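Consider the two complexes below, in which subunit A is the common component and subunit B and subunit C are the respective partners.
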Partner chain A sequence: MLLERNKKEFINKWEKRVLPFLLLLPAFILILSVVAYPIGRAIWLSFHDFNPLKPFESKYVGFENFFKILKDKVFFIALKNSLIWIIGVVSFQFIGGLIGALILRQKFKGRSLIRGISLIPWVTPGILISIMWMWMLDGNYGIINDILLRLGLISRYIPWLAQKNTSLFSVMIADIWRGIPFFAIMLLAAMEAIPEQLYEAARIDGANSFRIFIHITWPLILPTVIITTMLRIIWTANHMDLILIMTDGGPGYSSLIIPLMAYHTAYKQLNFGYASALALLQGVFLIIIVSLYLRLLRKKGGMY
Partner chain B sequence: MFKKSNFLMYLFLFLTLIILLTPIHGQRKTVIKYWLWLDDPTDPMFPDLVKQFNSLNPDIQVEYELIPLSQYYDKLVTAIGAGTAPDAARFKDWWIGAFVDAGALEPLDNYLKNWKGYSDVISNLWNTGKISAKSPIYMMPHQFITFYLYYRKDWFKEKNLPPPTDLNKFLDAAKKLTDPTKNRYGFGLRGGSGGQDQWLAFMVAQGARLVDRNGKVIADSPEAILANQWYIDLYRVHKVAPPSAPTDAYAQVLGAFQSGITAMMAHHVGSSVLVTQKLGEENVGVVPMPPADPKKPATMITMSGNVIFSSSKNKEAAFKFISWLTEKEQMDKWSRSRQGQLPVLKSVANLPYYKNNIFFKVSLDQAKYAIAWPPLPGVGYISAQLWQNLMQRALLGEITSKEMMEEIANALRKK
Partner chain C sequence: MKNFIFKYFLIFIWLAFILIPYIWMFITSIKSPNELYVFPIKYLPSKPTFEGYILLLKSTPFLAYMKNSIIVALSTVIIALFVAILASYSFSRFDYKGKTPLSFIFLITQMFPAILLAIPLFLLMKSLKILNTPYSLILAHSTFAVPFSTWMITGFLNSIPKELDEAAQIDGCTKIGALRHVILPIASPGIVAAAIYIFIYSWNEFLYALTFTSDIKARTIPVGLHTFMGEYIIRWDLLTAGGIITGLPVIIFFMFIQKYLVKGLTEGAVTG
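This part shows the complex of A and B:
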């Protein structure tokens, strides 16, 4: 009898304390191997001199890689470009997406068709977008040059991707174009969830559309705004597919951003240590920026 | 307990298992993993060759993987680092220095001793597989290109210009054929991805060298700096290249020549079909790389060959495959395909098909004096990224020719 009860207790305990961990184990192992290990490896690499062609000749160098970065002029060019890239791309994508969402929310004929079509830039693979925009921006026979010339806005063809003062902005335009639907759809979903009574009440009280937007729509979509912009900041900071294909950071360093610099250092210069240090610094910057951003907006968004 | 039907089922399963397992034991094959890039991945030429080889050699199974050239170097580097390199691979002379330095490539001399085609290879092409005059051969030459110059015959005739057979005539014609108001430029300068080969052709054609005969780096010599300055001036001073030149890569340079924006383009036999198809054979002229001094012609050669990695466990079989690829019939088939470059075998180069084609002929004639990138570890980095960055900054006026050549020299000197 006593034994029986002990057994039951034991099973009970086991089920409560051990089983959950056992069930979590597969996921835990998976996360450990695909997230924790690479991060640990990157940290390890950033303190070493590591050439992938000679994996057994790596050398511990302490903080040397980080000191070198702080003296590296190219790093600061890339940092500046990264900031322009992130802030420019995300804010214009957001503004475009917000306008898009407000338009798509109106009732008009063929709305669902337009909603579907508007997603195309977002679902097109980066390589296609890059090649498409590369030829549209081409300095010898690009359609953008042709249109601007016919409109009389420019007097001769401009090599958008081959000039240092236009190359980064040209790629930014392509990326902004790509990201607008993401914001539009996310914001649209948030707007659709707002109860119609609130609008009715406001209209009865005589509020105009602008005031309705400021006092009803905006506060209620703010949580979505915060989370989507944060995600987009992280993605935009890390994605380099468009830049890699359209300019490869050029001409010179004029469109180089930090992840691309890390890629060049790792795979073209075969200096994995320095590249990991760059990537790690970018990660730290990103954490700082995102947490500042969240703190800034949580105060406003917290009440809802 | 043991029902009859159960027994029969087990017996059946057991027998199937045996049948399934036997063929694997019966003919165990040596599997050779081979990596390559193809300019046109839809070309059935290579899969056909592999099928043919596998059926000729029932004991060997070649499994190949196609990788785009733009990712090829990254992939190889990663594979070597991770210990997952293939047995053999298509390879470029640019990378030999770095890979030999890491001990990743197998010397081929012992295998080549018994290879019957050895003397059929154009003799100075063996040098493209070595890292110095006395080093072993690490890469088996296979397909190569030499840079020559295309020019628009019709435009030259219109302006009564002689063919650009030396650099003075080249520059003179380039200036006279440039007219930005008509969107016309003399020369398609390639400052973007892959432009280093074209640049090296113009450097050596002016008599400048990156290393001297003893292998000493002289890329920052006054001659080299001047030669580089001449090249930069084509864009900055004479403005004979399109404004998009700093980032123009192959597609843009080819497109500009095909669509009548540029009058001259430096490239190799790989584009001859595309160019003549578009512009008509009568309008396209070709001359060897124009030298500064007509008595000292020089141009750039680059070799695609085959290597065996020292980590391979099946080197004999791997050599059998890569040497088979280099034999006459397979070589001819490859050179005539859409990947077509110049054959390294004399017996193939002498076939009428190559002798009677002006583009092949000019290219092959240049093989005698063509110069390759020096086989130093730094060349991998220079050709993958450094050159492009430096040239773009030089074209934009951010750095001088001297600063550019010093950086290249430093990269070449780096061990």
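This part shows the complex of A and C:
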């Protein structure tokens, strides 16, 4: 009897104090080895001159990699492009997403199916999106040139991805297209969480749809707008698959953004130290952008 | 009536905006090469053909890439799912100090630029001697898939009443027994949704696949298609056919789980 009770107590203790952590252990082993350790290593690398082909000749160089960045003309081109890329992509995705959410909010047949379809671009592999848009933007056989020419908007075919003043802008179009449906679905979910009575009351008071949007919908979806935009900023800043595939930063440096520059530095110039410093700076840069963004909204919205 | 037409017109525009690139890609993939490169563009093929697909499978290493992609994605699903189920059981059914910071660590992993991790991970994989093998990708993909799938599964477990596993424990089940025999069967739709999410993530992933693999032995489809762009004069019939084959399973899978995925995604944002 006593033994039985001891056993139960033991199991009880084990299940309360040990088991929950044991269950988390595999996840933490993965995260520690594949995320935490590499971050430490990246910081270490950024203070070293490191070539992966000659790992034993690496040497400590202090802040030299960071000083080099500040003198690097290419870095400032990439910084400017990164800012244009992030601000341009996220704001147009937001505007398009808002319009999409307002369209999808209406009552119509096949609603849930159309919502599902709306998210297809979000799950489409970046390589496929790149192929689609490279082909549509093609300078010789692209459908976009054909349509614009027929509409009389251009007078000759334009090699969108292959000329300096249109390359970044063209990849941005593809990325904006990819992100709009995601934004739309998130905003739609927020709109649907708004109680119907609020709208009814406003309508009884004689408010028109524009006023209803400004005074009811907008303030209530604002928290979702803030979170979604922030996630989108982080995502857009870090994901460079479309640029890498569609232009590889070119022609020249015309569509180079910071993470792609870090990639080139690491795998084309085999300068892992300098590349890590660039990637680290990108991380810091991102934290600054996100906190500025949050502060701006806190001042304006007064709700966070 | 006018309103009614306007409404459906807007929905039509929205669908066209999303679907036209896919439709154009499909049309391109079934055109014969001599109709592909003509001026002005021919919008519809006079003789649809699957030659591009046949050529792709026969004369390029596409099938080898596909095999690698399947191996990596399925192994990732098994590992990440196992890890995520255990973690979400801990988050959902136990009370302990430090739960919030621990779950915060999970989310933080999503914030770092992939390139920052890719460089040191490349060195790690190199010293483990698993560069250019599926193992390197399975390891990386599993880790990056765990946080979101844990979040998803935790949501599902939370929606299952605790009384059910308590009842099982009164009947003599241990906590782990309750997970296996009671909770998992009920949560299976959520687990399937998480599995498909993991599959899609791994199948689509590009940057780690690009940096960790260097030839046909381990290259996955996205990287394989990317090399087609450099090796051949861009063969749009092959590329679009490859794109269709790559995208199709993802889109079909996704349509099965979109309800759960949308719920998981939006709940976090709306309530968070």
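Definition applied: the second predicted complex is superposed on the first by the 266 of 304 C-alpha atoms of A that agree within 3 Å, B and C clash if a C-alpha of one lies under 4 Å from a C-alpha of the other, contacts with A are read in each partner's own complex, and residues count from 1 in each chain.
Quick note on the criterion: contacts are C-beta pairs under 8 Å (C-beta built on N, C-alpha and C of every residue); 3 or more make two chains touch, one makes a residue touch a chain.
Because the structure is a prediction, the values reported are computed rather than measured.
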With the two complexes superposed on chain A, say which partner A:P52 touches: subunit B (first), subunit C (second), both, or neither.
both
Touched partner set for A:I234, first subunit B, second subunit C, both or neither:
second
Taking the superposition as given, does A:G250 touch the first partner, subunit B, the second, subunit C, both, or neither?
first
By the touch definition at the top of the document, which applies to A:P259: first (subunit B), second (subunit C), both, or neither?
second
Based on the superposed arrangement, let me know which partner A:G152 touches: subunit B (first), subunit C (second), both, or neither?
neither
Between subunit B and subunit C, whom does A:G139 touch in the aligned arrangement: first, second, both, or neither?
first
Between subunit B and subunit C, point out the one touching more subunit A residues.
C
Go through the superposed model and pick first if A:A162 touches only subunit B, second if only subunit C, both, or neither.
first
So, A:Q269: does it touch subunit B (first), subunit C (second), both, or neither?
first
Can A:G62 be said to touch subunit B (first), subunit C (second), both, or neither?
neither
Once the two structures are fitted together, what part of subunit A is touched by subunit B and by subunit C alike?
52, 55, 138, 140-141, 267
In their shared complex, at which residues does subunit C touch subunit A?
7-8, 10-11, 13-15, 17-19, 21-22, 24-25, 28, 36-41, 82-84, 86-87, 89-90, 94, 96, 102, 105-106, 109, 111-124, 126, 139-140, 142-144, 146, 150, 174-176, 200, 203-204, 206-207, 210-211, 221-222, 225-226, 229, 236, 239-240, 242-243, 246-247, 250-251, 254-255, 258-259, 261-262, 265-267, 269-270, 272
Please name which positions on subunit B make contact with subunit A in the complex.
73-74, 77-78, 80-81, 83, 98-99, 101-104, 180-181, 183, 191-193, 242-248, 252, 255-256, 259, 261, 380-381, 384-386, 388-389, 392-393, 395-396, 398
How about subunit A: which of its residues touch subunit B in the complex?
51-55, 138-141, 156-159, 161-164, 167, 247-253, 264, 267-270
Across the complex, what residues on subunit A touch subunit C?
11, 15-17, 19-21, 23-24, 26-28, 30-31, 33-35, 37-39, 41-42, 45, 52, 55, 100, 103-104, 106, 108, 112, 114-121, 123-129, 131-133, 135-136, 138, 140-141, 143, 146, 177, 180-181, 185-186, 189-190, 193, 223-224, 227-228, 231, 234, 237-241, 244-245, 259, 262-263, 266-267, 272, 275-276, 279-280, 282-283, 286
